[in-house]
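Going in written order, the chains are labelled A, B, C, D, E and F, and every chain counts its residues from 1.
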Amino acid sequence: MKLKLSALMALFLPIFAFAEDKLDTGDTAWMMMSTALVLLMTPAGLALFYGGMTRSKNVLNTYAMVMGAFVLAIVVWIVAGYSIAFGTNESASLQSFFGGFGNVMLDGITWKDLSGSYPTYVFVAFQGTFAAITVAIASGSVIGRMKFSTWMVIVALWGLVVYAPITHMVWGGDGALLFDAGALDFAGGTVVHMNGGLAGLVLAILVGKRAGYPKQAMKPYSILLTAAGAALLWFGWYGFNAGSAFGANAVAGVALLTTTIATAAAGLTWMIIEWFVFKKPTLLGIASGIVAGLVAITPAAGFVSVGGAFIVGIGGSVIGFFGVVTLKKMFKYDDSLDAFGIHFLAGLWGALMTGVLALNDQDLLWDGPLKESGDRMGQFMVQLQSVGVVALWTLVGTVVVYYIASAVTGGARVDAETEEIGLDETLHGEKVTNL
Amino acid sequence: MKKIEAVIKPFKLEDVKDALVEAGIEGMTVSEVKGYGRQQGHSELYRGAEYVVEFIPKIKIEIVVSSDEYVDIAIKAIQENAKTGKIGDGKIFVSDISKVIRIRTDEEDAEAL
Amino acid sequence: MKLKLSALMALFLPIFAFAEDKLDTGDTAWMMMSTALVLLMTPAGLALFYGGMTRSKNVLNTYAMVMGAFVLAIVVWIVAGYSIAFGTNESASLQSFFGGFGNVMLDGITWKDLSGSYPTYVFVAFQGTFAAITVAIASGSVIGRMKFSTWMVIVALWGLVVYAPITHMVWGGDGALLFDAGALDFAGGTVVHMNGGLAGLVLAILVGKRAGYPKQAMKPYSILLTAAGAALLWFGWYGFNAGSAFGANAVAGVALLTTTIATAAAGLTWMIIEWFVFKKPTLLGIASGIVAGLVAITPAAGFVSVGGAFIVGIGGSVIGFFGVVTLKKMFKYDDSLDAFGIHFLAGLWGALMTGVLALNDQDLLWDGPLKESGDRMGQFMVQLQSVGVVALWTLVGTVVVYYIASAVTGGARVDAETEEIGLDETLHGEKVTNL
Amino acid sequence: MKLKLSALMALFLPIFAFAEDKLDTGDTAWMMMSTALVLLMTPAGLALFYGGMTRSKNVLNTYAMVMGAFVLAIVVWIVAGYSIAFGTNESASLQSFFGGFGNVMLDGITWKDLSGSYPTYVFVAFQGTFAAITVAIASGSVIGRMKFSTWMVIVALWGLVVYAPITHMVWGGDGALLFDAGALDFAGGTVVHMNGGLAGLVLAILVGKRAGYPKQAMKPYSILLTAAGAALLWFGWYGFNAGSAFGANAVAGVALLTTTIATAAAGLTWMIIEWFVFKKPTLLGIASGIVAGLVAITPAAGFVSVGGAFIVGIGGSVIGFFGVVTLKKMFKYDDSLDAFGIHFLAGLWGALMTGVLALNDQDLLWDGPLKESGDRMGQFMVQLQSVGVVALWTLVGTVVVYYIASAVTGGARVDAETEEIGLDETLHGEKVTNL
Amino acid sequence: MKKIEAVIKPFKLEDVKDALVEAGIEGMTVSEVKGYGRQQGHSELYRGAEYVVEFIPKIKIEIVVSSDEYVDIAIKAIQENAKTGKIGDGKIFVSDISKVIRIRTDEEDAEAL
Amino acid sequence: MKKIEAVIKPFKLEDVKDALVEAGIEGMTVSEVKGYGRQQGHSELYRGAEYVVEFIPKIKIEIVVSSDEYVDIAIKAIQENAKTGKIGDGKIFVSDISKVIRIRTDEEDAEAL
């Protein structure tokens, strides 16, 4: 990533006033701000988005799954995740998948080190917020029935076994599998959204459906909080996407604009589809569309045009709607808050459309078939390969992690009575509202 | 003494209360309840899952009065002010009360009302 | 605007380390951040502020009116609004009012273009968030009785017919009516707040009062959410005001400080007035004062002194209180959440006081009578002219848009039973809290 | 502070592209953003954090105590607080404690003045948000029984008599007592957290316990809002800590990373302790740990290593837990929302551990025994001195302020019936939720 | 006429309602109540302060029927569907009603039900 | 069997419950209600619009007991513990219950209590 970054930077040299390896205050300001923005997405944005959609008896448990996952995943990231993801492995065959343990506890990194034009310490924190939101996304599929202890064990293992290697493969620099292949994933369509969304589905199937699903009415505690969460996600996502330009540069400007366009178009699209299909547009629908649009544009954000952003956003919303309304009913899995339906599917759509729609502009593109030889079909095949590899790794890794966590905690699922009474009261001894 | 319980549409509460007070009935206790009956519920929609809400929000008014005369007055006030003519207007139930006490003063029965 | 911007920039050349037409990372970082901040104001800040003040049966509808308006207005902005507002019309007489259609779908703008020292793409997104919040403000006057479909049509038309031309007139660069006249509006006192607030009143009068208003008690769902919304508005407003300096420069510092001072003073003022008048200070009052102060300082933010900021803030609160408590009762219109009472009146106050209080400092001022010849009276007349022109355009434009939208959707108002039951259940099929 | 700042800057000169006394857009962008971030912490973050923990009958009063304190404290800061804190006193003996009245109403400061590389106006606003949150923290100890009028008077006086002098002593530049002694307090462990937390305890003891405490169940209105508030605090704290590097530089990067690490570790720690002690991890516990971690790392943020951040964070959580669960029961004071238990204790821990763990790195350290002669024991003694001086000043000052405020408002405490009915209804005439 | 009041566990409401409707009882009024009895409450934990929640959420169903026959039908439907066999299943109380009115139509007594 | 219904001030619930339990009455059902009577409501203020809240939050306790003796015990416990002496202390109503069933065990009447 650093290498790619430097390459990118080089293009702008005539524009920027600094030479490589110097700290640029504007880039540093933007990357620190981006870190704070992405941080906000999990314990505030996603937690409210998910918490609001949960039945009132499980709201605090849902919030705790997100917030607890966040703090644990950050710790895991510092201890070893960063090293596996962004370290360099001496063995070339291992380097395809793992960065090794050279930077465990950030060993070998000093506060004066730079990643391009800003401190590596900031890069570490920025990437840590990505690691943490990814596993938190998965929680949405399994709320209301999983033991909190099992979930915590899953979070710890998954960060090391699934997230870090996938990040390494895609963004790990020279020698990393999909990085070398030239996969385009601007801000984490594969790494974050497909990954987290698919992990959610796998866990949902393994842990089983909530009692009474889908017969029993499972009404959301507060759509208002869900909508507020979606708004905070949108806000934070500017750090996610425009921050993935690794500086306050023109590419960040592209990501900022395409993110705005795709998201607005997606929110509108979901609303309109609902209006046609169910005769009523819902606030939950607008919020869902917004998130689907944000997910879809993530891999494409720095690569596509204004028109491309519209296509990615609208399509992300259509496919998300299909995932949530049609697919889930068809296959009868209980992807409770639609981590799979929205994050995986819209992330997949975005990752593939990045191959189709990426501007053939040498200054924007990353290394890959499209940049090197204008080979769009080849680029699309690389995108296909990358979604395939990521999906496979996530699938296998998540199954393994689940069974270990389940064994360690004496079964992954709460008993029927606990589920009936609600996890807030039984697992946490708290109640969502005391009027 | 008699107790009158009336289940009415929530937005009629203000009118009914005013009419009762005007008719000289100055005490009552109300609670939020949900009713099931002929009135159709509505449906809620969350990401494509449609839930029919069969229980409809209603208000229950409880009034204890000392004489049959007051029972008639109260019923009249409720009937006239809670009626919209549409299904779901609600019901009035009358039953017996054998004793009433005002906690503050220890007064009993008619005096306590 | 670009021209004015360049003029402004030139003043700082000795201070800044870059020459014109170079991307400055610090300015770019600040403008991207400002865009994210202003974005947050609508689907989170304003939506919570308004939603919390609504009766519980209409809360989600109110939220959806704001959030739905936001996504639609952004799309409209990209499609044609930006072009009308900031494009350049070849016909000089048209250029007074409209920027034309040369930049429809951002045609003609590339990702490498700069607006001064940061990407034009960022400028487009930044201004888009202004367009979107303006129409969302108007929704506050008509909640609880307007059809959602009518509202959506209004949003789309209004963005093109009212918002974009007014923005062009004030900020559209050489040849634009009020820009040429030398009107001072730092961040949108006329363009955003008077405009949105007056549109609200017009719509409120046209659609009529809520059933039972003002006799029936209409209690707010949650003042706590309203207060949280006000806090988010304050936060986001730093992007609004200090972002309107178009760079991380000393003028932005002025705007940041005056915004802080005016808002704090205004929050305190409203609280004290309530304490005197009603014997009880309310949280809603503090929150209302905060918003009134933010609105009032908006046109003046980069122009006034510390003392000026106090005057603008305190006066904004006094006039907002008067609008909400006295004027509304006197004229018996149902400006439900006081978009007119607060945004129009405090915006008007701020716009006029900008003429009175703007520092006579060549490095701060924009072109206009005050800058050119120290003619404060002349400047005040220009300010008067600008509020007059804006008010007239808004009035006429909003009436036209209303009748079209009403015709298209078969009447603008829901039927009496729908209003009685509440719009959340009837229009959206959702409920605000499921305990 | 400005002097120290310049000294710090000098170290980076080869890295930065600007010379002293020039505005740097990156630093300015970061400091403006930091100001907005710290602002958000009080009327949104702390207000939700506290409001959610309060009984439903006092929620709006709690929110109003925080929000009202905020607007008033900002006004007081501009009027005279800034001058006392950061002005320069001609008398050397007074300069130890007070900055004097030379900058009342920001007199003598112009919009072109710079603090190092960004506008002094931004510095004023940034520091104002610190002043305002400090007194707001104290409100947590006295909610549910103090008159709103008394509280407002306390806020006004305390900002001048306690906060401003303490800030002067620690950060007031050459001649200021603890600054000269070489006390290390990166972002306000003593100035903000010990100070606000101890003031809270003092007020709680003086105003007395809530009726029924601790026998009667006092259940929190909404832990979800408390958790959301904690997340907003975390987000804003990046401005607090990394903003205290006064620029977008490598030291800010250190603060950003250590803040992330300590907070995550602390959130996890509290959760685990609860799990062991009470058999149930709570969401309130995770949120409490997060805040304890943020407080603890505040004085240390720019000084410690990755390992140091873990120690500070974990220890802060342990000591905060002890304060809240053990100490409070032992001494039977009613520190209602644990301003003392968390802010004072974790702030104390952080301040002392800064002496123990600060990296002996000339480029990071501030003047003091450790920097000058590698004398860690000496540094620790200075830290002890600074916590002692701050605690003493806070104690005496707060007692004085309390009695004056109480006298002015005819007693500090509401009557028993008002307390019984609840302060929302009686003092503000509002209700937290209208369903 | 008789009134049947039943206090049951909340999650049994749906089953009981379905059984009643199937048995021909098509009107009822329900409310959220809290019960105290042999069933143990749970405890809540806030920063180390443990509060025992002694009142347990229950649902109260009120049904007014015209004849003793319907009383038995209703009781049977409730008994069968609200029972879990664990402590806290709740109770059924029967009392007299002397008059019923349907507000919408002014119908009285059996006709009003 | 008798049913005792008492409308009391919310903050007295804990004391009343303790007294009832102490007096050997170990089951009750409570609900949140709103009362209208001589006690003055308060007013709420939103941006200058003042709304008088006439209905005051109260708690309703329902207790079914098997004998008149218990009726007296219960009344005494409530009277003593709910009284503040100020307007609004509430009322106690007593009525007849013809049948009681414990759902869990099918026990009837006195045994079910």
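By our rule, a contact is a pair of C-beta atoms (placed from the backbone, for glycine too) under 8 Å apart; a residue touches a chain by one contact, two chains touch by 3 or more.
From a predicted model like this one, the values you see are computed outputs, not experimental measurements.
Shared contact partners of subunit B and subunit E are A, F. A rotation of 120° superposes the C-alpha trace of subunit B on that of subunit F, rounded to the nearest 5. The pair with more inter-chain C-beta contacts, choosing from A-E and E-F, is E-F.
For the touching copies subunit A and subunit D, the fraction of interface residue numbers used by both falls below half; the interface is of the different-residue type. Subunit B and subunit C have Cα centroids lying 47 Å from one another.
Subunit C and subunit E have centres, each the mean of its CA atoms, that are 53 Å apart.
If each chain is reduced to the centroid of its CA atoms, subunit C and subunit D end up 33 Å from each other.
In subunit A, the residues touching two or more other chains are 17, 24-27, 29-30, 33, 219-220, 223, 248, 278, 280, 282, 284, 428-431, 433. Shared contact sites, meaning residues of subunit F that touch two or more other chains, fall at 31, 44-46, 50, 95-96. According to the touch criterion at the top of this document, the contacting chain pairs are A-B, A-C, A-D, A-E, B-C, B-E, B-F, C-D, C-F, D-E, D-F, E-F.
Against subunit B, in their complex, subunit E makes its touches with residues 3, 17, 21, 26-31, 64, 95-104, 106, 112-113.
Taken together, the subunit B residues at the contact with subunit E in this complex read 2, 6-8, 31-38, 54-55, 58, 60, 75, 78-79, 82-96. Subunit F meets subunit D in the complex at residues 11, 14, 42-46, 50. Residues 216, 420-421, 425-426, 428-431 of subunit D touch subunit F in their complex.
Put simply, subunit D touches subunit E in their complex at residues 53, 214, 217-220, 223, 274, 278, 280, 282, 284-285, 288, 321, 324-325, 329, 338.
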